[in-house]
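Can you keep this structure in mind? I'll have questions shortly.
Chain naming follows the written order as A, B, C and D, and within any one chain the residues start at number 1.
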Amino acid sequence: MRIVVQSDAFDLGAEVDAMRQGRTDIGAIASFVGLARDMNDGSGVAAMTLEHYPGMTEKALARLVDAAASRWTLLDVTVIHRVGRLLPGDPIVLVAVAASHRGEAFAACEFIMDYLKTQAPFWKKEETPAGDRWVEARASDDAAAARWNQP
Amino acid sequence: MRIVVQSDAFDLGAEVDAMRQGRTDIGAIASFVGLARDMNDGSGVAAMTLEHYPGMTEKALARLVDAAASRWTLLDVTVIHRVGRLLPGDPIVLVAVAASHRGEAFAACEFIMDYLKTQAPFWKKEETPAGDRWVEARASDDAAAARWNQP
Amino acid sequence: MRLHVLYFARLRERFGVAEETLDFAGTTAADLVAVLQARGGAWAEELGGGRAFRVAVNQDIVALDAALPDQAEVAIFPPVTGG
Amino acid sequence: MRLHVLYFARLRERFGVAEETLDFAGTTAADLVAVLQARGGAWAEELGGGRAFRVAVNQDIVALDAALPDQAEVAIFPPVTGG
């Protein structure tokens, strides 16, 4: 398990290669990269700055990964989240999950992303033509996380 | 859209970087890599050979991608499937889907993999201690594909 | 009519043939399967109902009642196992 | 008891303070929120019920009825928006 909060860019290929290096038991690696877009809520976005809660952030991400690992049989998980100022097109977050079978890898990867969106203490501030604005939390993110609690 | 059948290894990082290069409208890239395992159906596997139906394969993969693109709003899709002899740990298949939002990217990526498993003309032959054997199709793969037809 | 018939994977190995060109007097994919099955041996075992197989006509998977056009490329193969 | 209180994102900006150490006579997170809200201005606007906020105690998100231990690190912040 690898959990990192950093301002530098990450390398998806290198992270996934590191997961599978020297192993022959992994059948599936599902991964996700979230990127900064040039538009949000109908407005152009020139840049964004990600603030976080140092100390709690790493704990919160580890809890998400533990929750996924208790729900599915996982072989490895990597979560990297960037902080600081990012431009449109820049990668923000990486989640990669290795498992024996694809169903578990896909489910755990999406689960971690859905909970990260509602549980991990990051906040985005966007630079728009009308000035800076804090991004508001979305009800759709709460709904995405809540569906994992259904039977 | 990029669909390739090849014997060479692929580079996940390079494929995903190529999708996002020069774009600022992508918010999410979900990707999947399937790998050859050293065990299957309770038996050790020393190597596998992937056979396909040249001509139909590319058409079948394009149809899967079209079906996904008609169901979700996608910005780009890459599918690469290897053929020939592979060793445990070797990547077999890559599916990467770019979209504005993560729900669509995840769903389309998993949809393409589920249908690839039941619709694309590839066949695996495994080298085991008891001799060579053709892998049998799994009922669980039919079930995974069928769930996308539910309302 | 004339058909170009391809076999893949386990069927190719069990039949000992990868492709053949046939003169065919029937109409549907099921008619062709019946002709092949009548060859006996591995043909009867694999196509006689005990094991699953798929038929593609001009590179699209079809149901057994599909009509075969003249000069069609017909492929018969086991359920797929890629990915 | 003594509490170390942190504010993040919009709340940090609106309150004009990132952290403070408080002597606190109450028991629960709700009691602390009531004390802060009574400061008026942005404090009343942000914590007065009209806008959503979250409270973490020693780096775990808690409900408002959670008891605050002495020397706790309490953080108050808007709903998160990372990822």
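The criterion applied here is as follows: a residue touches a chain if its C-beta (ideal position, glycine included) is under 8 Å from a C-beta of that chain, and two chains touch if they have at least 3 such contacts.
Not measured: the values here are computed from a predicted model.
Chains that count as touching both subunit A and subunit B, per the definition above, do not exist in this structure.
Rounded to whole angstrom units, the spacing between the C-alpha centres of subunit B and subunit D is 48. Separating the centre of subunit A from that of subunit D, both taken as means of CA atoms, is a distance of 26 Å.
The residues of subunit B that reach two or more other chains are 34, 102, 113, listed in rising order.
Taken residue by residue, subunit C touches two or more other chains at 83, whereas all remaining positions touch fewer. Here the chains touching each other pair up as A-B, A-D, B-C. Chain contact summary for the complex, subunit A toward subunit B: residues 11-14, 16-17, 20, 22-39, 88-89, 91, 100, 102-103, 105-106, 109-110, 113, 144. Residues of subunit C touching subunit B in their complex: 6, 8-10, 13, 52, 56, 59-61, 75, 77-83. Touching subunit C in their complex are the following residues of subunit B: 34, 50-53, 55-56, 59-60, 81, 92-93, 113, 116-125, 134-137.
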